[in-house]
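Both complexes below contain subunit A, partnered by subunit B and then by subunit C.
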Partner chain A sequence: MDLSIILILAQDGLTNTAIYVLLAVALILVFGVTRIIYIPQGEFVSYGVLTLASLQQGVVPGTVWLLLLMAAVAALMESVRLFSEGALRDLPAALARILLLPAAIALLIHFCAPLRLPLGWQVLLTMLIVVPLGPLVYRVAFRPLADAPVLVLLIAAVAVHFGLVGLGLLFFGAEGVRTPAFSSAQFSLGALTVSGQSLWVYATSLVAIGGLAWFFGRTMYGKALRAVAFNRNGARLVGISPSMAGTLAFALAATIGCLSGVLIGPITTVYYDSGFLIGLKGFVGAIVGGLASFPLAALGALLVGLLESFSSFWLSEYKDVIVFTMVIPVLLWRSLSSVHYEEEQ
Partner chain B sequence: MAERLLTVRDLSVRYGKVEAVYGVSLSVERGSIVSVIGPNGAGKSTLLNALMGVLPSRGSVEFCGQDLAKIEVEQRVARGLCLVPETRQLFAQMSVADNLELGAFIRYRRGDKAIRQSLENVYQLFPRLKERHGQLAGSLSGGERQMLALGRALMSQPTLLMLDEPSLGLAPLIVKEILKNISELRSTGVSILLIEQNARAALQISDYGYVLENGAVAMEGASRELAGNPRVIESYLGFGG
Partner chain C sequence: MMRRGGLILFLALVAAVPLFPAFYLTMGSYIGLYSMAALGLVLLTGVAGLTSFGQAAFMGLGAYTTAVLTTKLACSPWLTLLIALALTLAVACLLGAITLRMGGHYLPLATISWGISLYFLFGTIPALGGSSGITDIKPLNLFGLELRGEGFYYYLIWAVCLASLWVTGNLLDSREGRAIRALKGGVSMPEAFGAGGLRLKNIVFVYSALLACLAGWLYAHMQRFVNPSPFGLNQGIEFLFMITIGGSFSVWGAIIGATVITLLKTVLQGILPTLISHTGNYEIIVFGVIIVAVLQCMRGGIWELIERFLPPKADKPIGQASELPARVQPPRGAPLLRVEEVRKEFGGLVAVKNVSFQVAAGEIVGLIGPNGAGKSTMFNLISGELPRTSGAVLLAGEAISGLKPAQIARRGLSRTFQHVKLMPGMSVLENVMLGAYLRTDDGVFAAGLRLNRASDARVAAEAAHQLRRVGLADSIYAQAGNLSLGQQRIVEIARALCADPLLLLLDEPAAGLRFQEKQELAKLLNELRDQGLSVLIVEHDMEFLMNLVDRIVVMEFGQKLAEGLPQEIRANPEVLEAYLGGI
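Then we have the complex of A and B:
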């Protein structure tokens, strides 16, 4: 193993890291705001890739049907709720709020998909389809359970994961896809050749992280999300509704997932069920950060990314095993070194 | 006669089988300060939490002429009700400035442009908070925390401010200061429902008072009359001063 191989592996590792960091941030965000261990996060990664690949071929992606399906379910649930509360006169407005946007998006995609727009536009359309799925998942599966214990939420998350994977198979089939690279340029720096694609990944990831830091540190809604994560009751007392915060967190998580998919699409072949493993690696990073600390999670993601790329060189069949085994010493270390706080109530 | 802001009829709150508050009726007129006094465990905090919607209750609560029965906590905030609970519920891991800013969350949602100005007003009221604006709320002293809790509540520009022992753990001089601030708030159009251990001070600054004992209203009346009532003097005001 010489220097050039090490450099190549490190570069691969960093590319993975850039994506795992984003996913780890999404998982911490969702957990903080809603106490949900968000297993289905990975599905948004694969949906992102699969959707973009369909648009590349000029066909309407299956996720559009999923979007309509979810909106219909949400509308049905809302109708039942309003009916049982005897507030039927609110029904038309409520239905419009739920159905109008997905319908408009579906219509737009119906017209735009055959046009084979340039890649940048297709990425935008992909986001437009996949991101609204996040809040819909929250609305349909999690919002009714808002006050349930963490374990129940976890079980629901697992169920949603299986549901979304199954729907992925239904709408996209079992074939793997790859999306085109954003750049085919190669730069050489001494012994190192850097691909334009990995530069895209690094830059996008850095911009996204910078954007999130700004959002959480400077904007009212970002601060509101943090407030809910720190102290749910206090947040309610200043008028921040937990379900508004949950919806926002799920929208952000879906954005991050879809973006990760768009970045990862040109690097790996993605199948309807690939998201789970990718998401799980982001999860390992998040665990290193105790599902709370962003910097530690970034460190964890770096560890996962590098470990993955180096172990794929030495022991490629075992690379996932190695990465996931890493969780054990990390958990041991965390449980020994961290102070346990009582869950705030 | 002034307009009724809050009307509570026959309110009962239970923790499991224990009835902590029962059959309480009270009202607050717009622009007035109403105090609720009573011994430890009388149900004062329970009462305020129920009015805010934090605890489920039976009976009727009417605010600005509207029934609050099905209204969630955060919607009550949006309607102008604001509670500073006994436990304060600050955002300990966030800065003083962020805590205050979040107090104005509902105003921000409405597109209110005067939030900066309110922040300056709060800083003027509590210069200590301005000095410590970058410090985490969790690292403030007890008294500073009280100021922050009150400041955060003021940031929402409530119509009715409910304060649960705002002077808890404060030095006597600051208690005076805070109570003075509270009575000055009235001139800015805020009505106040006040719980205070310091019954003498509470009756001094309020217009009307209720005495809560064992979860029920034992006495009520204009604060001046209550302060002269022999039973109140004996139980809550003690001797002297």
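Then we have the complex of A and C:
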């Protein structure tokens, strides 16, 4: 092992880190705002890649049907709710709010998909399809459980993960895909060759994190989300609707997931169920941060990314074993260093 | 009668399965194995409010331990059972020790990670056979006789499964079981009666892991072949789905859920691929949808539906006169509680500034003050919920400051909660029985094997006695959650009395009560004082205290403002100033 290999591994590790940081941020965000341990986050990564790959081939991606399906289920649930409350007058407006946007997106994709637009446009279309799935998942699966204990929300999250993985298989099949690189450029820096794609990953990740920092620090909605994460009841008392906050958090998480997918699509082959492990590695990072601290989570993601790339060099078969076993010493450290606290349900 | 009839029908069904074609026998064996793993999860998730994705991994640990040791080292399967259980015990203790001190979501996250790494290890370590697994595992043997045949394993599995069901049911209906059932509402209540929350959580987690390990050991010898795939994370998730569908609050939910999920999976795996004309595990879509629907619409699962049609359970038998050991109460007027120069700082804020007062045996003392005066902090300093910054609290001459609530409970302090902490689904009697946690010492093993009946009946008699003492004789078998708030407060007092305390500590007992309920509460406390009980009440309702207590201590801004007889306090200008802002 010489310096050049170390540099290559470090570069790989940093590329992974950039993705895991994004996912860890999304997981902490969703947990803080809704108390949901968001196991299905990884599915948005694979949906992002698979959707983009379909658009590349000029076909309408299966996620469009999923979008329509979820919107239909949401509309059905809303109808039942309004019917049982005897408020059928509000039904047309409610249905329009739920159905119009997904229908418009589906129509747009139907026309745009065969055109094989340039990559940038296809990424945009991918986001347009995948991001609305986040709020829809929240609406259909989690919003009716808003007052449930953390444990129930966790079981629901696992169930949603099962459902989304299965639907991924149904809509995209079992074949893996790889999307084209944003850039095929190579730069030489002494012993190190940097690929244009990894620069794209670093840059996008940094821009996304900067954007999130601006959102949380400067905008009213961002501050509202932070308020909910800090004190749910207090935020409700000052007029921040928990359901609005949940919807927003899920939309952000879906955006981050889809973006991560678009970024790693050219680096690794992604299958319908690949997102799960990627998402869990983001979790390992988030756990280092105690599911609360963004900087610590970023540090955790860096640890996961580097550990993964270096262990894939020495002990490639044990790569995942090493990454996931790392959780145990991390938890031990947290358990010894954190203040002993109890939660009530 | 109907419950017994249902049980007999169920046992007959289990016994009759081998009469059907071999396919049903295999399914039956799997259901038995999965029921055992799910049973552990019912205890962990439904009862104690924790959860784990590691049941499949513990099953794998049991299966692989016996597979490796019997094939590579020719060990006896009976020896490998002990080794597998010991290994599981060690892993579960380690995971529990690391995660259970922290928030409830760390155990599932740790078991997910651990389960995934174990699964990958099974698949990559060459000595474990890689993804193709280990074949030719020896069948079980007894006195040199090899035990083969699917029918034999079916009956063995169900015998073990039903035995675990019986043991788990017994455990829940015991001293430790009542404390375990209390964990879901947070550990402060069980700890106030001397039950260590962390210890109980560890017991439950280890017990559930051992059940899964036992199922895995049986699985390996029934199949005589192991490979990694049945022990992956997805199987661990399916166990969680089983108890969600079956009903996570009852041991029967495990069996119902294991049956439903196993049969449904078989049926769906037959239908869906032909319907979709592709092979794949599409059943997970259906599982996902069903679980979300169950959580949204009937969180108690199928068992809750069945329970609605069953007659209520038989009332818990109450033994003869109580013979529990009792404390020697100090003579009336002897100093009992001494609070000396107690101080509490939260960062720069001094919530309690060097407050001192005393409670003598046989008197009722009221600690009052306007909102924010530091009364509740004072209460928590006495009960041990909060550590003090300086000063001392002595109970009957012994320092209790610096001790944990459970240790303080052992020294004779018993308390109630401002926000009532009862287990709403349990009977009033069982709630009150929890109060006597420290007065018997039946352990987990005695409870599981039903060796605790005599002492449990004595505890029930004591609880019934305390309920009659507080005037709730008619509500002994009512569900605690169905009582009014006033009655629930009184149940809490009965539970505290059941601990045979030297001093009873009441946290705002009149809060939220109606006028009539307040009067009844005051009457009860008066009677209890006449019987020699010592009470410290923290309260801001002056009206309620004035005609009840012997002495009053007034706090304001963290300091003691005044102390004296009720009429003195009523006339004290400083107190009037504090309460009314001057007249």
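Assume the second predicted complex is superposed on the first by the 339 of 345 C-alpha atoms of A that agree within 3 Å, B and C clash if a C-alpha of one lies under 4 Å from a C-alpha of the other, contacts with A are read in each partner's own complex, and residues count from 1 in each chain.
In this section, a contact is a pair of C-beta atoms (placed from the backbone, for glycine too) under 8 Å apart; a residue touches a chain by one contact, two chains touch by 3 or more.
In this text, all values refer to a predicted model and were calculated from it rather than measured experimentally.
Once chain A of one complex is fitted onto chain A of the other, the partner contacts of A:164 are limited to subunit C, with no touch recorded for subunit B. In the superposed pair of complexes, A:321 makes contact with subunit C only, with no contact to subunit B. Once the two complexes are laid over each other on the shared chain, residue contacts for A:111 go to neither subunit B nor subunit C.
Once the two complexes are laid over each other on the shared chain, residue contacts for A:287 go to subunit C alone; subunit B is not touched.
In the superposition on chain A, the chain among subunit B and subunit C reaching more residues of subunit A is C. Of all residues in subunit A, only 220, 223-224, 226-227, 230-231, 233-241 touch subunit B in the complex they form.
Across the interface of their complex, subunit A is touched by residues 52, 54, 72-75, 77-78, 82-83, 85, 89-94, 98, 101-103, 105-106, 108-109, 152, 156 of subunit B.
Those residues of subunit C that touch subunit A in the shared complex are 45, 49-51, 53, 94-95, 98-99, 101-106, 108-110, 112-114, 116-117, 120-121, 124, 184-188, 197, 237, 240-241, 244, 276, 278, 280-289, 291-292, 295-296, 299. The part of subunit A that touches subunit C in the complex is made up of residues 37, 140-141, 144-145, 148-152, 154-156, 158-167, 169-170, 173-174, 277, 280, 283-284, 287, 291, 317-318, 320-321, 324-325, 327-328, 331-332, 334-335, 338, 340-345.
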